[in-house]
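Heads up, the next two complexes both have chain A, just with different partners, chain B and then chain C.
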Partner chain A sequence: MERAGLRAEQPEPLAAGGAAAPAGGRAEWVPLAIIYGLLAAGTIFVAAITPNFLSASNFEAILRNTALVGIVAVAMTPITLSGNFVSLGISQSAMAAMLGFIFLIREGWSQPIAVLAVLAGLVVIGIAQGFIVSAGLNPVLTTLAAGAIIFGIAAELTEGRVIRMGENRVGWGNDELLGIPLEVVWFAVVTIVVTLLITKTVIGRHTVLTGANRESAEISGISFRWVTIVAFVIFSVGLTIAGILNAGGFGQGEINSLSTLTIDSIAALLVGGVAIAGGEGSPLRSAGGALLIGVISNVMVLNDFSTGGRLAVQGGVVVIVVILLELLRRRRAVR
Partner chain B sequence: MTTSETTDPAPRLVVRGLSKRYGSVQALDDVDFELRAGEVMALLGENGAGKSTLVKVLAGLVQPDAGSIEIDGKQASLFPSARSQAAGVAVVHQEYSLVPTMTVGENLLLGQVHTSRVWLPFRLNARAREIIAEVGLEGLDPRTPVERLSVAELQLLEIARLLVRDAQILILDEPTAALADREIERVMDVIRRLTEGGRSVIYVTHRLPEVFQLADRATVFRNGRSQPPARTADLNVDALIGMMLGRELGAMFPDRASAPGEPVLEVDELVAPGLAEPVSFVARAGEIVGLTGQLGSGASATAQAIAGRALNTAGRVTLNGDELRLRSHAAVLRAGVAYCSADRKRDGIFFGRAIRENLSSPWLTSVSQNGWIGARRERERAREIAGRFAIDVERLGSPVGTLSGGNQQKVAVGKWLGTTPSVLVLEEPTRGVDVGARAEIYQRLRDLCNEGLAIVISSSDTAEVRGLCDTIATFYRGRLTSIRPHDQWTEEELRREVMHETAEAA
Partner chain C sequence: MRRALSTPLALRLRGYVLPLVVLIAVWIYISATTETFRGDAAFFSVLEGFPLMGLVALGLAVTIIAGELDLSVGSMAAVAGAIAVRAADAGLVGAIVIAVAVGTLLGAIQGGLIAKIGINSLVFTIGTLILLRGVAWLLCGNAPLPLEDVTVSDPLLERYGIFSPASITALVVFVIFGLFLAYTRYGREIYAIGGARAEAAAAGVSRTRPLVLAFAISGGLASMAGALATMRGGSAAPENYADLLLAGAAAALLGGISLYGGRGTVLNVAFGVAILTAVTAGLAARGEPNSTVQLVTGVLLLLVIAVEFIASRVARRSTLASDAGNLGPSG
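Coming up: the complex of A and B.
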C-alpha cells in the first residue's frame, strides 16, 4: 500500500532551475568532514577521561597500530570505488607477503631483490584475481577463494611453524624518519599516492565512474577489465608494503600473524564512508576510518577493556557510523 | 488567477490557491485546478513547472503551505497519503511498483485495504479476473508471474490496482512513456472506458498528440503557476506549446540540411537478435536516418547491433569503407560510432556524479597527458559543450541527478560532442523529455549533422522521426519494411506502416 509513498521520494528533480541543489563540492566534503570531525571530537572526549592519552608516546602508539590497517584500507579503496566490493583475502595475502619476505631474507637474498620478488608475486596474484573478477566472477567469492588457496599453500609450506629471519634480520624494523615511525611514513605516502591516482589520473576517474555506473562506463568506452585489474594491482602493492613492514618490525611470523587484518581494513573503509557498492568515497576517507578505529581501540586498551569488550565496542562503532552515513546519503537523495 | 466558471457537471475536485515552497524554490504558486466527474483532464507543463508537485499534494505525499482542496463539494485534507486514498484519490507513478516474482492476482489484491485477510487462491484469482477484465486484460491468467508481462500489460495492471480501491479520481503520471503506438491505444481505450463509468482522470503527459485523442480539457502549468483549463477541442498543438513555454516555439524541428554527402555508414545484410531478415541501408555524412517501429519491431535491435551492443551478428557494417567489428562495443566506439541508449538512467549517465565528469567521460583521455587529467582543459571543454546545449555552466560541479529529465538527456547526448565520432547512434533520443529541451536536442543533432556527422536514430515516436529525419526506414516484426526519403512519407502513412495496418503476409 505504502509503496507508492516510498517511490514518490525518488530523486525526481523538483521544480524550476534548482537553485537549492547542493553543489558537487559540498557533497564530497560533507562525509569527509563527518569522519574527521568524529575523530577530533572523540579524541578530545577521551583525552578528558583517559590518563596518558595525550602523551606523545601514546599518539605514536595509535599511529603505529593504525598504520598497517590504514595502508591496506587505502590501497583497497580503488577496488571498492570501482564497484568490486572488497577483498576477503586480505589477511592471507598480507601474510604471504610477510612470510615470503622473511623467508627470502633468511635464505640470504639481498633486501631490494627480496622486496621486488615479493612485490612481483603479489602483483601476479592480484592480476589473476582482477582478471577473473573482470571476466564476471563475483569479487567477494574470488578473493575469498584466493585467500583460502594462499592460506592453504602457506600452511603446507611452513607446516604451521613460526618463520624467523635469523641472523640476517633487517635493521630498519623500528626506524624512524624525522621522528616518525617508518610504517606511519608509509601510511602517509600510500594515502597521498592513492589519493592522487584517484583524483588526478584518467584511470582513477575511470575507476570512480565504473563504480558509479558500470553500464554507462562501458558505453563511454571505459574498460571494466582494465579498471578492475589496475585496482587489484594497486591493492597488491599496498599489501606488499604492509606485509614487508610487518616482517621488518617483528622479524618473524606464522600463518595466523595478520588474521584480523581483513575485518579491520574493511571496517576502516566502511567507517570512512566509502560506498560499498562503489562510485562514492575517497582514499582519504578510508584513512580517516582507520584512524577513528585506531583511536577507539587505543582508548579501550588504556581503560583496561578486555579483548572481547574491545571487539564488541569496535563493532558497535562501525554500525553506528555506517548508519549515520547512510542516513546522510538518503537525506541528500530525497532533496 | 481565474477559475473557469461553468455550469457543466458538478466538479469532483476543486483546488484553490494552492502553494508549496521547497527551500528557495516556489514549486506551486497560488495554483487553481478543477476536475469534473467523468472527464479526462490533461495536466501539462515542462519539467519543473509544478505538475509533479501537484500530483504529490493530491496523493498526500506532500503537505501544501496554503490553499484549499474540495472533493465533491466538501473540504478535504489529503495529507498524509492514507487520507488521500480514503478520499478516493489514486496515483499510477512512472515507475512500476509491482513485485516481479509474484503473480498478477497476488500483486493486484494482496495488501489492499478492502480485501479479506484470509485468501484462498481460487477466490483471489476469481476476484483478480474480474478486475483485470475491466482494464482490458481479459485473456490474462491471474496466475501469471508479473515478470512475464509486457510493458503495456504492466501499465494496465498498475491501473487495475487503482480500481481495487474503488478510487474515483485517478492520476496517471506519463502512463505511456515507455509504450509503443499500438499499446498506447490500448491504454487509452481503457482510460476512456473508466471515465464512461463516471471516474475522473488526471492525465500527465509529454506526448501532445495523446492530449487531443484522449482528454476533454487541459490545464497547463508554467513556472509553478496554473493557467485556466481549456477545452482541447478549442486548442491545437502549437497553442499548447505556446502555453507551456510562455512564448512561441519557432519550430519544434530544425530545418533540414542541403544535400547529404558521401556514404559514411554502410549496413549490408545485417542480421542480429530481434531481426527476422537481413537489413541493409546507408547513412551519408550530414544525414539523419530514422529507424522507426514499435517495441520489438527490429528498429532498436538494428541500432544496437550497429553500435556493437548485440551479442551475435552477421553481415557487414562498414564505416568509411572499413568493416566494423560488431562483436565489441569498445572496438566500434574506437572506430568512431558513438551510442546513446534509450534508458539514460541505466547506461547513459552517472546519476550521482558531477555533470562535468559525465560530460567528459568519453573523452577524458584526450584532455590528459601521460594519464594525468588536464583539469583546466577538461573544465573548458565541458563548459563549451554545456554552453552549446543550454546546460547551466555554473552547475557543472553538481550531480547530474539534480537536473530535470530533459537536461539529463542533454548531458547523455552532449557528452559525445567532446569526441569526434563519424556516426552517432541514438535510441529514443527524447523519451521523457519536455518540449523545450526536445527542440534543443533536435537542433543540436541537426547542427552535428551539418558538421558532417551521420546520425542514426531509432524511435517509436513517428512524429519525431517524420519531423527530424532525412531518410526514414520502417520496421515491423524484425523486418525492414520500407525505406524512403522523408518527403515521400506523410505522418499518417508512417503511422500506418509502423502499425502495419496494410495487409502483410507475416
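Coming up: the complex of A and C.
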C-alpha cells in the first residue's frame, strides 16, 4: 500500500492535499454546472446546424441510446468514488445478466423469479470482485480478469450460439411509461436512487470520504472492505437492470452482445468528471457525461460519421476532458 | 537493479526460480497430454508467442516497473497494424519501422502528458484506449484493410528450424531492452520511480524522463507487435488485438514482474510469455475456442495477482524494514 502508482488509494503526491474537496459543497456545483452547461450549449449549437435534431423522435432516440450506458455509468460511480477506479469487465457482466435472463425466460421461469435469480447471480459475482479488490488487489486488473472469466464461461455454456426467449418472450420490451421509454425511466430511477444513496446515507458518505482520503477514513473507523463491497453490489444491481432491459428489448442475445458497454460507460463516467482517484464526483455527473456523449454520438450519426469517426471523437472528448479536469484540480490544489 | 547487481548471485536468481519451475511443469504437462506440442514443434509454437503477446507484455512490463500501467496497448497495436498496411509501399521493413516510429512517438506523448500533468496513467490510457481504437477504425477505412501486394510480407512467412523472422526480431528486442533496463542510467531511473517514487524524487530523479521513456517503449513495442502480426496476416482489421491487454498483463505478471513497481526484469517477462504461450498453444491444439483461452488467461491473471498480494503481506509482516524500495525481506 505504500507504493505509488497503481494503487487505488494512493493519490499522486501533488494531488493529495487538495483533491479532497467535499462532495455536495460549493465545489461540487462548478463541475456539475460545466457539464450540464456544455450539454445545453452543445445541444443548442447542433440543433441549429443539424436538421431533424430537434424532432421529438430524435430526442427519444438519444435518450434510449444513452439509457443503458447511463444506468451502468451511474451505478459504477460509487466504485470510482470510493477510490477503486473503474471496472474493465462491464460488458461481460451485463452480457451475463442479459443471457441469463433470456435463458431463464425461455426455460419457462416466471419473470419476477428470473429477475431475482439473475440479480442474485450478478450480486454474488460483484461481491466476489469487491472482496478481492478490497483486500488490496489492483481493481482494474481484477475486473479485467473477472470479465475474461465470465466471457469464457458464457461462451462455454452457450457454445457461442444466439440465445432466444422463444414463445415465452416478455411483453414489456418496448413499453413506455407516460410516453417515456422504459429504459429511460430506469435511467432516471437509478440516477435518483444512487444519488440518494451517496448523499443521504451513512455508507454513501463513507464512500466519498474513503475515496478522498483512505487513510484518515480508516482511522476514523470506516471499513474500506465494506465500502468497496457495497459499491460493487450497487454496480451489480445496475448491470442487472441494464442487462435485463436489453434482454427485454431484443428478446435474444449472444456472448458479444453489449460489447461496447465497457468503453461507453467508462467514457461517460470520465466525461462526467468523476475523479478516478476517488472522493470527487457524483452520480448526477456520470449521468450528465452519458447524456453529453449520447448527444455527440447522435449528432455524428445524423451527420453520417463512420464508426471510426464516432469512436475517435468520443475518445478525443474523454482525453480532453480528463486533461482539463486534472488541470483544474491541480489549480485548486495549489490555491 | 543497482542493488541487485551488488547482491550474491543466489539472491539475484531467486526471482526466476518460481517462474522457471512453473514453466517446466506446464511444459511437461502439456507435452504429455498434447501430441502436437512436442520437440521442435513445441519450441516453435512457444517462440511464436514472443512477436505478438511477448512484445506487448514487455512494453507493459516496463510501464508496470515504472509504477504505472499502459491500458492502451491493444488499440495501439491495431493502429500500428493499419499504418503498416498503409505504408506497405515502403517495403516490409520500412512499413514496420514507420509503424513503430509512430507508436513510439504517441507513447512518448502519453508519457509526457502523464508526467507533466500528474494525471493517473490508468485514467489517461483508458481515454487513449478509446481514442486510438477510433483512429484504428479510421485508418482502416471502417473495414478490414488487406495488403494490396501480399508478396511484401512473404519474408515473414519463412521458418528456420524453431525460429521465424518475427520470433528472431522479438528475441533481439528482448535482449536489447534487457540490457537497456539493467545497465543504463535511463533504465535504472525507470526502476527508481517505480520502486520508490518519493525517494527517487528526493534523490533528484525527475519523473518526466523515465515516464516518457516507459510509455514510449510500451507504445513502440505494442506497435511492433501489431505491425508484425498484421503484415504476417496480410490484412489489418479495426477491431483487432483488443484481447492483448489481458494476455500481455497476465504474461508479465506470471513471469514475476511486480505489480507494485520497481521489480522484475526482461527475463521475468520472457518466462511469463513462455508459460502463457505454452498454455495457449496447448488449448489451441485441443481445438478450444478463443473464449476458453480468455477464461484460462483470466484465471491465471487473478491467481498471480492474488499470490503476489499474499506474498507481499507475508513479507511485510516478517520484516521491520518498511522501505518500499528494498528488495525485500528473507521471508
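Just so we're on the same page, the second predicted complex is superposed on the first by the 311 of 335 C-alpha atoms of A that agree within 3 Å, B and C clash if a C-alpha of one lies under 4 Å from a C-alpha of the other, contacts with A are read in each partner's own complex, and residues count from 1 in each chain.
Criterion: a contact is a pair of C-beta atoms (placed from the backbone, for glycine too) under 8 Å apart; a residue touches a chain by one contact, two chains touch by 3 or more.
Since this is a predicted model, take the numbers as computed values, not measurements.
Trainee: Now for A:219: first (chain B), second (chain C), both, or neither, which partner does it touch?
Mentor: So A:219 only meets chain B here.
Trainee: Going by the contact rule set out at the top, does A:209 touch chain B (first), chain C (second), both, or neither?
Mentor: In the superposition, A:209 contacts chain B only.
Trainee: Please work out whether A:201 is in contact with chain B alone, chain C alone, both, or neither, and reply first, second, both or neither.
Mentor: After superposition on chain A, A:201 lies in contact with chain B alone.
Trainee: Thinking of the overlay built on chain A, is A:95 touched by chain B (first), by chain C (second), by both, or by neither?
Mentor: After superposition on chain A, A:95 lies in contact with neither partner.
Trainee: Comparing chain B against chain C, which has contacts with more of the residues in chain A?
Mentor: C
Trainee: State which residues of chain A lie in both footprints, the one left by chain B and the one left by chain C.
Mentor: On chain A, the overlap between the chain B and chain C contacts is residues 2-5, 7, 12-15.
Trainee: In the complex formed with chain A, which residues of chain B make contact?
Mentor: 22-27, 47-50, 52-53, 56, 59, 61, 80-81, 85, 91, 93, 95, 97, 111-113, 223-224, 329-330, 333-334, 339-341, 346-357, 361-362, 364-365, 368, 371-373, 375, 392, 395, 397-399, 401-405, 415
Trainee: In their shared complex, at which residues does chain C touch chain A?
Mentor: For chain C paired with chain A, touching residues are 64, 66-69, 71, 113, 117-124, 126-142, 194-198, 238, 245-246, 249-250, 253, 259-262, 289, 291-299, 301-302, 305-306, 309, 322, 324.
Trainee: In the complex of these two chains, what residues of chain A are touching chain C?
Mentor: Residues 2-7, 12-15, 85-86, 88, 132, 135-138, 140-142, 144-149, 151-156, 160, 255, 263, 266-267, 270, 276-277, 306-316, 318-319, 322-323, 326-327, 330 of chain A touch chain C in their complex.
Trainee: For a test of understanding, state which residues of chain A touch chain B in their complex under the given definition.
Mentor: Chain A reaches chain B through residues 1-5, 7-25, 27, 200-203, 205-206, 208-209, 212-213, 215-223, 279-280.
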